[in-house]
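Read from first to last, the chains carry the letters A, B, C and D; within each, the first residue is number 1.
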Amino acid sequence: MLAFFRKAHSITYRGSVNTAWKRTKAHISGAQRLDIRGIYPPIATPFTEKEEVDYQKLNANLEKYGKISFRGLVVQGSNGEYPYLTVEERVEVVRRVRQALPQDKLVVAGSGCESTMATVQMSQLMAGAGADAVLVVTPCFYRGRMDSRALVQHYTKVADSSPVPVVLYSVPGNTGLDLPIDAVVTLSQHPNIVGLKDSGGDITRIALIIHKTSSEDFQVLAGSAGFLMAAYSVGAVGGVCALANILGSQVCQLEELCLSGQWEAAKALQYRLIEPNAAVTRKFGVAALKQAMEWFGYHGGVCRSPLQPLSEAESKALRQDFSSNGWL
Amino acid sequence: MLAFFRKAHSITYRGSVNTAWKRTKAHISGAQRLDIRGIYPPIATPFTEKEEVDYQKLNANLEKYGKISFRGLVVQGSNGEYPYLTVEERVEVVRRVRQALPQDKLVVAGSGCESTMATVQMSQLMAGAGADAVLVVTPCFYRGRMDSRALVQHYTKVADSSPVPVVLYSVPGNTGLDLPIDAVVTLSQHPNIVGLKDSGGDITRIALIIHKTSSEDFQVLAGSAGFLMAAYSVGAVGGVCALANILGSQVCQLEELCLSGQWEAAKALQYRLIEPNAAVTRKFGVAALKQAMEWFGYHGGVCRSPLQPLSEAESKALRQDFSSNGWL
Amino acid sequence: MLAFFRKAHSITYRGSVNTAWKRTKAHISGAQRLDIRGIYPPIATPFTEKEEVDYQKLNANLEKYGKISFRGLVVQGSNGEYPYLTVEERVEVVRRVRQALPQDKLVVAGSGCESTMATVQMSQLMAGAGADAVLVVTPCFYRGRMDSRALVQHYTKVADSSPVPVVLYSVPGNTGLDLPIDAVVTLSQHPNIVGLKDSGGDITRIALIIHKTSSEDFQVLAGSAGFLMAAYSVGAVGGVCALANILGSQVCQLEELCLSGQWEAAKALQYRLIEPNAAVTRKFGVAALKQAMEWFGYHGGVCRSPLQPLSEAESKALRQDFSSNGWL
Amino acid sequence: MLAFFRKAHSITYRGSVNTAWKRTKAHISGAQRLDIRGIYPPIATPFTEKEEVDYQKLNANLEKYGKISFRGLVVQGSNGEYPYLTVEERVEVVRRVRQALPQDKLVVAGSGCESTMATVQMSQLMAGAGADAVLVVTPCFYRGRMDSRALVQHYTKVADSSPVPVVLYSVPGNTGLDLPIDAVVTLSQHPNIVGLKDSGGDITRIALIIHKTSSEDFQVLAGSAGFLMAAYSVGAVGGVCALANILGSQVCQLEELCLSGQWEAAKALQYRLIEPNAAVTRKFGVAALKQAMEWFGYHGGVCRSPLQPLSEAESKALRQDFSSNGWL
């Protein structure tokens, strides 16, 4: 619980004395849920040519990210190539990010593993490394058996033992599995589960989850810049957007337009973000994210194998997705 | 072209002399695109116990629908069980609807068939029966070969020869096929193609289509009440919503809230429509739509075989989806 | 080839001794089922350049097919572009085939429609046109509701009223729907349902169906030349193979090798049929089938729109799939 | 490399006459590949109630497996819950298995990880622990980018550096990814890649792979007892069958019947294995495998979380799948 106290002054908890917002229904006496509202880039992990983590380049990126009005960073999300890192690397990257980042920015660390046991341990390691919250992807290898019963039990055990709040993470594009709505509703009642990152993009599902968890102070984050505005329109409170690694200010500007009700301007900006966002995610993946980062003054570098660099044709198409929308 | 003149006074064409709105870039001299903005129920086809079309009950429904602020009706959409009707029935139902409906309401008739030839003929028959526009679903039996090339050619031939404007229709839940975005963009330039009904629910795709067809006065309708508000937020101009067969005024109210920028109220209403909408569409299908219609004073009746009536458990769950959201 | 001779004058029913064909009795006692063992090409429908049915070219094909040791022909299967034909055309093609074909060859006519009502009528029309059996594809537009209950009811009504035996037809590649195994088992007990054409290619499923219907004299046909030998190994009694439109003798030779237990030779032949078969089915579709027919002395011609002719690159790849296996 | 010499006399290499095994020479000449023909159970990992690896119970199982005519065991396949084990556990289990198993049985160890780097290291660890070969599953988290280029590079690097031969492993049910045929063909030419375990069950694909790698002395193993006989019929040389954990002698008997050309008897036996096999794999998963093992005198025990024990209804259905086929 050290991490909590260390950041006592810099991080706002909903219901804390100094804020207007008061949680009406506290689950546990004095329960406060971490306020995770805002925009987060799920940061890439720069590698050297030899595919080793390049902490220098990571720091250079962090210095820039620290100046953008992000709520925080997601570390070890899908874009961080976490499945390719060792346990030690995963933890060390989080430690470095926490050290380098201004204290008012949240560090949300991906701690999901396939087994409950490993996820519990990883969550503790991440908290120890300074994470303010952990992002826990659905285990998926045995997806045919990952029903609500299994997933509720998994997340409950993880949340029960995690020193920091848990954010659920549903990313069917990678896992082949949607965290079922009824499981989300059940889990939203857990005092240490504060929200959900939903990367599936099914806006009906997102709206329904927000509706059905409305009594629980449960916070839903859009998992992509592609549907960020629509997600805000139905009640999401932020976004974890790969594109924010590259066009961070612009994604934060879209947040601001949505929050201030400037929907026409928001729409115009949202439109221009869709194709670049798709290009660095499902169309061309992490290699594209890293390549585009280079174009915009960040350090991307190579991916770990087996992820391959873009072909020349892909690189050209990627560039086109940015330039045709006025970003290059 | 007779159909056009018959409705001269009752139907607004964008760019018509009597309205303020003027289409700046006409594709063809004097080109006017039919204004399809608004809400449409894709009406069910009532059957007798012997599974014959029940025109009396249809008329009773129409009388009620005529009093709701719909823009018009979609006849022979998926909810109309069109794949189960003969050519003659499909046309006759449209003819009856046109007769019964107030002249200021649009009749949009589903005319899609698997072959281009049959779709061309059906579109002409529908126009002859009084349809103001035709809604053309993607052919899908040979879906592996229905690429952009094939679909652009198909829709171009249909639109070239149709006496009334064409609305594209993408409904992957039934067809297993998304009309590709590049095909939509190409087809949006056709003077006789006025819009798209998109039932897939991928809000990123919908926003991108609106973005990429913005110079073409191309109108996108949400294909479901489940994501209607989100669709409005990103620029859709209306919706074809199965749920409007049952909660017509409420869906129109959601439209009004969105158009007038009352997003908080819209959100509250949108939330309550998601589960009932899902229940009468992908969860339980047309049989549920028809059963719920009975509860709300409309005539539903049986479905044609092989569609089966709901089991008792399904019926109970359906009722719960309405009552838990305050509609029953 | 004994089976052929056993069927002397026209059509042999299993269990018949030397009686004339007695339909009513067979229906009541269930003692005789039409023997459908053997190889069938699901014939293509030749069209003129104007996309009209070209009966002359059809006859020319039939003359050649009549000389190959097929058990019969499937008319109006997926390769016959049946979804693109009118009711009248579907029936007329069957009538012409029956007239042109030697009497010892079976005509199995596709009579599947989306509604039960239409399928019942079409089955009767097909029988009237001379079909020896009807092949009934699963209705699929409302696939989410096509569960065992719906499908058992559908097929039972069709079989109850069909003047000729019914063959079930599961083709998930086109319909997005597998006829459930429990439905097949139930339906196998119907006296007028004689077998199943399974085009899915899941050999475990095929074996299990044969196992679970073993007491019912139920005949399973492989729906493709790609897994014909494997299907024979687990108990299938024949195949409906698109490739037999082109390499008819060779497919019949594979049957012969399997039936006579020459598995090594069968394997060598089977291997060489896989790629050509894939090329004219799921890889490039009916247009490829028709183009390859031209190379082998049959009449293919164009497809109906929206099916497109092959691109030059596709045509080249198609040719390669035949030539690299020694057929061209 | 110690492991190799230890087994010098007990393991047959194809092409070897009576020479000691010479790795370098074999690589250069391609003259000798490890012969992997035969049946393998992909063994379960028994856990204690506290979800720790239970080495005692593992040994008890191994003692029994050692007496069955298996070619060897697959350790750390999907049924071994390898994604739930730590690196240390994965290696230790292999070491224990090698110690306990008679020297003439092969130990094939799963060494697949998401990154190439980790897979290279794990393969070396497995060889060090005594594995005779490594089974390398396709990395899959970024499945959208796992094309032939990426996978060929991945497997080539692994095979280049692995001290023991590599068996490719395609299991789309878990990974959502089929190892593309062209990648298999390319990889079959690598001197240190000896075969493929294909668990997808697409018999056409399996036959085509065997056909296209026929010049390479490449050995294909069926990944399931459900299609084992069909796989033998088209040229597979063995099987890795979950069901062999339970009905090991029977699966070996099926192998024997296929190899000796007793196809009718093989068919009768194959039929009875399909439902039990499906029950312990895709229907109910590893928990069912472990439960059924208990019924047949082996030690299964619990699964690691988040895998759940079977519900009572599932357990009953599982039992039925064995009893209705005469095994219980």
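Everything below uses one rule, namely that a residue touches a chain if its C-beta (ideal position, glycine included) is under 8 Å from a C-beta of that chain, and two chains touch if they have at least 3 such contacts.
Predicted model only: the values in this text are computed from it and were never measured.
Participant: Taking contact as defined at the start, I'd like the list of chains shared as neighbours by chain C and chain D.
Facilitator: none
Participant: By mean C-alpha position, what chain is farthest away from chain B?
Facilitator: D
Participant: Between chain B and chain D, tell me the centre distance in angstrom, where each centre is the average of that chain's C-alpha atoms.
Facilitator: Whole-Å distance between the two chain centres: 52.
Participant: Averaging over Cα atoms per chain, report the distance between chain A and chain B in Å.
Facilitator: Computed from C-alpha means, the inter-chain centre distance equals 37 Å.
Participant: Could you please specify the touching residues of chain C with respect to chain D in the complex?
Facilitator: It comes out as residues 201-204, 207-208, 210-211, 214, 224, 226-227, 229-230, 233-235, 261, 263, 267, 270-272, 274-275, 278.
Participant: Give the list of chain D residues in touch with chain A in this complex.
Facilitator: Result: residues 51, 78, 83-86, 114-118, 139, 141-146, 149-151, 153-154, 157, 173-174, 176, 282, 284-287, 304-308 of chain D touch chain A.
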